[in-house]
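Both complexes shown next keep chain A, but they swap its partner, so chain B is in the first and chain C is in the second.
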Partner chain A sequence: MGSKVTKAPKIKANRLSFPERIGNAFSAFAKRFVDGSLGTKLSHFIFGAGNFYHKQYMKGFLFLLIQAGILALMIFCPSINGTPYGWKALQNLSLRNVSDGGDFDPLTGQFTSGSDCKLMVLFGFVTIAMIVIYFLVWNLNIASSYKSDMDRKVGKKPSTFREDLRDLLDGKFHVLMLTPTCIAATLFTILPTIFMIALAFTTYNQQDMNDLGTNLFHWNGLQNFRAVFTGEGSLGVEIHARFLPVLGWTFIWAIFATLTCYFGGIILALLINKKGLKGKKLFRTVFILTVAVPQFISLLAVRNLLGQYGPINSMLMDLGLTAAPIGFLGLNPSDSEMLAKVMVIIINMWVGIPYTMLMTSGILMNIPADLYEAARVDGASTVKMFFKITLPYVIFVTTPYLISSFIGNINSFNSIFLLTGGGPTYTGYQAGGTDLLVTWLYKVTIDQGSYNTGAVIGIFTFLITATITLITYRRSKAYNEEDTFQ
Partner chain B sequence: MKKVVCMILAVAMMATLLVGCGGSSTPSTPDDGIIRVWVGEESAEFYQKVCNEYVAAHPDFGYTVEVKGMDTGSVAGTISNDPTAAADIYTVAHDNIGKLASTQCAKPITDEALIDQVLADNPESFQSVIYSTLNDKSYLYGVPYISQALFLYYNKAAVTEEEAQSFEGLQAAAQRAGTKAITVTGDDGFNMSFALLARKVSDHSTTVKIYEGAEAKSGGSKGVSNCQGDDTVAIVRWLQAFAADPNGFKWASSDGWDADLDKDNQGVLAVIGGAWHYNTAKAALGETNLGITVIPTFTLTAEATQGLTGVAAGDVYRGGTFADCKCFMINAYSAPGKYAKEQELIKYLSSKEVQNASYLECLNVPAYTGATDFIKQCYSDGKVTESQYNLAAMQVAMAEWGIPQPFITGTLNTYYYSKNAPSVFRAMIDQTAYPTTGDQILSETTSLEGIRRGLYLIEYLWMHGVTPDSFPASLPAQA
Partner chain C sequence: MSTTKKKRVASQSRNRRVSLGVTYAILIVLGIIWLIPLVWIALSAFRCQYQPDGTFIGRVTSNFFPTGFGFKNFTDLITGTFYGVPKAFPRWMLNTLIIAAVDCVISTFLVLSVAYCMSKLRFKLRKPFMNLSMVIGLFPSFMSMIAIYFLLKSIGLTGNPAHPEYSVIGLVLAYSAGAGLGFQVAKGFFDVIPNALVESAKLDGCTNFQIFRRIILPLAKPIIIYQALMSFTGPWMDFIFAKVIIGADNAAYWTVSVGLYSMLFGTHPDTNLFTQFAAGCVIVAIPIVTLFMFLQKYYVEGVTAGAVKG
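Up next is the complex of A and B:
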């Protein structure tokens, strides 16, 4: 008896190579131009021409409007806060020909405004995104016209605007639903991410800029990445000395924080779900209460409890167990780093275990009772049933959660920042003994204004977490054998 | 039905996003008929009151005024990060003027009447640090209205008035109480001026120089700095020994200097702080136990002066301070239409009358020349309590032992505060390496050679903003 796993047959698609696909796309494109009607040919140059040709006026008008809008934006370059969009934004992306501004007119109290490099980079990327959108719509408008050509060829009437709208509510409902999500993802995830990555290749360091008395920054290639390995630059020394220790502790923390909460939660769930236990609801409520209290309040309360003059130290000293306060959380530079690390892992269990307990309780209730019954008939012991049925089942179901929880812990800002503030500190460095990559990132950017270095650390963090996520998830049973646990 | 629900959700999501977009945009220079003013947290109520009075008395002023209390210690950073979100008129310590001017977060003062008032009312020491250069032209940027210096708060229940006059006296009191003698409110370059700027009592001398003769211009001359004199070496050695003593100096604990000073905790008997710490210190010790005096003296020991010339065992030094002023400045991003009225309002807020009222209500020590007479008069008239009088009188007294922070360009300010010189000084007091892990630049700070290297490193950071590649073969040497 045990878990029987049926492997799904792996189908290897007969895939075309990349150059073949590119070649196919081009030949299809050329075919569309050659085979298409006059309208389709014209729509290669004027958006919506094909639709007008097929008397789809509304659709044609919308395409034309988009073309006119984007072209106007590209040519007339409207500006926001003195920074233009359009072709000037593309030119500005080089961050050359920038000016500090600053001529002051004492009568009006006005400065001539200088260049804003941040906006120049951002608007440059927005303009590139507009160009990409332009070509996507261009292709769409040709495809739309060509489809009408094909419809005509087979004797069908080209669809009207109303039919297209109706189709959006029916056959293409997914398109209607996914469009807002795609727009939101582009605006709020993809563009900021590209902007952040771009900053890693600039000299955008507020402190250095203050030193030079300027608001401007420029591109500096891979210099920031080089500084991580060579220890050059204003924060290079720190990164060179502290990156590996911080990375190492980040992993240790993530592993311990994940596993302690995970197995602690499972054990607690098993105990609470044990048959014959009285007051199950009471226990569940008690543990859920820790979830109900905002995490930062719990953490700050614990920080006060364990502070130098906090009740725990006072009690220990009153009882004569210690002569001086114990630096549990590494808040002073001379405190023990190891103790602080152990303490944050333990305290994190308090806020983390109830989540796993809640989830595991649900999973435990879902395990088919006949599995246990069959095992019992076969003479399996309780321990054996736990290791052969309960644990594999729970692990199978919760692997994605385990991975996301591991990644979440790598980026666990609250627990560290609110408990230890990254301490104990090392003289001469921003990164303290319990700082994770993410809290270090906060100090480097918010406290030091070194956005370029922060971006480099951010990219490294992303590469590490993305790699681990992909490798572990793709190797997990939950991915390879979806829906196959029996 | 499902589709309808999906569409409603999608529309709601887009609407939320659009609302989010709308809220995040900050108009850079709206002239909305309101002049916003940031002052210290302790004085917000007072300045709101006087502004309201001014607006009521001048119907042609045309603006309402909104005053908000801010932490003036960190407000310069807040303004630098996003000047468009800052107030039209803000308060900063004068050492931030260079930084805010060079990054165009501030507008120069051009109103002749206001400039005349500033020049007529303020001492030369302040006048020399409120200018900065814009496109090679010197402008007045800050209008002083509060004077400030470090002094000593102590626990009268455990320390006598006489003991509070010297570090040795505090140490004896701490020995009796079984605790530490003294702490500071922070380990930055401002608070540690009590040690670095300590002066010989007999002739007020110190060899320390910080950017003396520097130009008020970004990228201009950095002036002369010196941190390697024998007196400084002796002071570091004395402080190292005092910090290592179980009843000597300690850094503020993680619970804060006020928790250390608290009469119940008795973690420390005295703290060097400023007027802005008054309410916190009073809360920690209570009005009756709160003693206020000048920063104490200390006597150099034979160990501290061993192997040094120019200093001798028995020389008495008094802890030093930066004697500073807080200034009003105008936000560069404020609407141009407000410019004249902003200067008019600043002229009123920095007038002697308002400074005097501010002392009586908020204990802000006036910055104008001759304010001491007013402070004495208030005490003799019974308008202020003894500790409130001491608070002002001791700052005025400490001004004799201090210098204004001479960081009149953004670069110098950054080099002094943000390039780790304070961390090096702390490492020296703790007698540890700097940095404490990784590549050892300064492997020890205990021997005479180590201390000289540490002081060379500090001076080098002040001047260049980076650590040197190596140390000169013999020290002292020009950094």
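Up next is the complex of A and C:
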């Protein structure tokens, strides 16, 4: 608490308004140019010039190399698979001067030459990322030179390359540690995400393009989003008809899947950790098996067990409980949608309860024993103690988990895809009765090649999870006191 | 002791025995329910049933307990040709092992380095980095999956006719490149390590690197094992990413889960392959489950740390 009080004014001093910060940045920038040595001034145009001026040759050379590399890429526009990088990529980003090329393959119905629009968009974004990097390095190189100026002014020697390297292990350790992740995540997570968001504003729908006999797509603004609400466009009818039902079921699924597994897990943990119970370890092991066995195995096992020819249906038929096999999982279009929905929630309990059990076992042991003692002295019943002590304690401690598992369930792909495949399906529609937004997204993009529609669904999924996170997570103690809570 | 009190104690202990008995009953029933599908898959793996005319029955049958046992499914699976690839199953196992091992090393390294920075170092871009990684994490991963495929294809790391084996590298990149953004659990663990420890080392003249090497890493064994376990088992469990990145027509470089999945649902699903599928499941599940059971303690520590701190 004490540290918090002393920290408070410092935080306030840091909190400048956005325009103020921009203003400060500009004035600092101008100051650097005016105050800086000749080298620093030159650095604004030639990377590393300031470092050469201060005889930091290695560093200057590295900066120069980066500038030369990026500029060469921008000017000479090397191309991969016939699609260029560089300034041409920026031009291509408009998707205007594109051509189908001449080589139409009648067998596949596709063009084998001509513009590759998806690569144009992708490389356009890569080029933008490179321009951003260019300016970041530009700023860094000026700052580096300016720092040497300042060092000179106070009579210190500018740092040598070896000293800079050594500083990477100490003061700038975070730079060393974060660089691999920054590069890898930018290339393989952030860029692909931006790329897919961009596709939501295009006509990139492989089926439409095949019908039109073209390999090209264009920007079409918010048309795909409008299709969700009005039903325009080729896939619009499907999207419009199925969007709200799928959205509703996604929510119902997430709520039930989260709550059943959560409370089921707590109860199971209480049962297993009951005082005097023998064979705790054995019981735990049995339940943990479903956590340990890969989901595609366990869920496919259940799917076949409950299938048309599986043992469960034949047992029910032998017992005379049903005349024909029951379609538990909606694998045929005629199967009951309601039954399939109930079944996936129940089967999900089978997978999810042991997980919560594992997690809450430790938390249950941490509940102070004297709480129970006091309650017992007051004559409280076991049930009452559960609702008044155990449950509030566990819920308090695991609220972040509850939120993250809710979001996890909105994005829960395996349980639906492996069990029902989204069925029962509606003829003519992609999204079946148990499809969640994510499984629908998968079908639409991977099976249909309708990338723009898939991207729209993905953006909606993001908006939902982001809203939930913003409302709950940012309010939580763990986030707001993240700094002090150590 | 008064008789009433004695009676109360006696009735209490009887109550307790009854409730214990009920607990046992519930747990045993639940345990059986939990085991049935897994036991059934294991039984199917060893099933050797023939039709009257002598043909082998490999599809799902209505009997829970097989009428004949044998290792035919295992030998057929291991020596068999699938999708035109001779001895496909051992190849898939090897592919998965290589991918899992490399992914395990890269992912663990990335996660630990990011988590340490976020937890114990203070720098200007720390909060923005954390917020950005949270926002990116909220997009469904399937959304970027297809874009990653395009990207890898454009640099020849998948769907490369001259070098189909490069798609293995592509898949490793797809699995491990973004791993650093999933630092939250490890950060929660590092947060618990007292800052005083770091500060006193700093007073002794340790650099940040030395603090990381000599103080944090030795204390971080549980979280290292947790991260390594998660990233090693990932490729054995995932099939969607592997299926999309490696591609349907590149069967020699599939991972084992894609291969097994395709036996039931692939481009040429064969319902008569169910028992071989089950045999494959047993072969995959045994090492994974064993690993899991041995490292259970660390797994629980990891999920609890992640859940409580968020």
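The rule is simple: the second predicted complex is superposed on the first by the 424 of 486 C-alpha atoms of A that agree within 3 Å, B and C clash if a C-alpha of one lies under 4 Å from a C-alpha of the other, contacts with A are read in each partner's own complex, and residues count from 1 in each chain.
The rule is short, and it goes like this: a contact is a pair of C-beta atoms (placed from the backbone, for glycine too) under 8 Å apart; a residue touches a chain by one contact, two chains touch by 3 or more.
All values reported here derive from a predicted model rather than from experimental measurement.
For chain A, the partner touching the most residues, choosing from chain B and chain C, is C.
Shared-chain residue A:Pro245: touches chain B; no touch with chain C. In the superposition on chain A, no contact is made by A:Pro392 with either chain B or chain C. Legend: residue contacts after superposition of the two complexes on their common chain; A:Asn81 is shown touching both chain B and chain C. Once chain A of one complex is fitted onto chain A of the other, the partner contacts of A:Gly408 are absent, as it touches neither chain B nor chain C. In the superposition on chain A, A:Phe287 contacts chain C only, with no contact to chain B.
Using the contact criterion defined above for the overlaid structures, shared-chain residue A:Thr465 touches chain C, although it does not reach chain B.
With both structures placed on the common chain, the touch criterion links A:Thr427 to chain B but leaves chain C unconnected.
Of the two partner chains, chain B is the only one that A:Asn215 touches; chain C does not reach it.
Residue contacts after overlaying the shared chain place A:Asn332 against chain B, while chain C stays out of touching range. Overlaid on A, the two complexes show chain B and chain C touching the same residues of chain A, namely 81, 169, 173, 176-177, 180-181, 184, 187-188, 307, 309-310.
The touching residues of chain B, counted against chain A in their complex, run 3, 6-7, 10, 13-14, 17, 28, 80-81, 99, 102-104, 107-108, 110, 134-135, 139, 218-219, 251, 253-255, 259, 262, 265, 267, 330, 332, 334, 336, 339-340, 409-411, 413-415, 418, 420, 423-424, 426-427, 430, 432, 434-439, 465-467. Listed in rising order, the residues of chain C touching chain A in the complex are 16, 19-20, 23-24, 26-27, 30-31, 33-38, 40-41, 59-64, 109-110, 113-114, 116-117, 121, 123, 126, 129, 133-136, 138-148, 150-151, 154-155, 173-174, 176-181, 191-192, 195, 207-210, 212, 233, 236-237, 239-240, 244, 257, 260-261, 264, 274, 277-278, 281, 284-285, 288-289, 292-293, 296, 299-300, 303-304, 306-310.
On chain A, the positions that touch chain B within their shared complex are 81, 100-104, 106-111, 114, 169, 173, 176-177, 180-181, 183-184, 187-188, 206-207, 209-215, 231, 234, 237, 240-242, 245, 307-310, 327, 329, 331-333, 423, 426-429, 448-449.
Residues 80-81, 83, 118-119, 122-123, 166, 169-171, 173-174, 176-178, 180-181, 184-185, 187-193, 195-196, 268, 271-272, 274, 276-277, 283, 285-298, 300-302, 304-305, 307, 309-311, 313-315, 350, 354-355, 358-359, 361-363, 382, 397-401, 403-404, 407, 411, 413, 417, 437-438, 441-442, 445-446, 451, 454-455, 458, 461-462, 465-466, 469, 473, 476, 478-479, 485-486 of chain A are the ones that touch chain C when the two sit in their complex.
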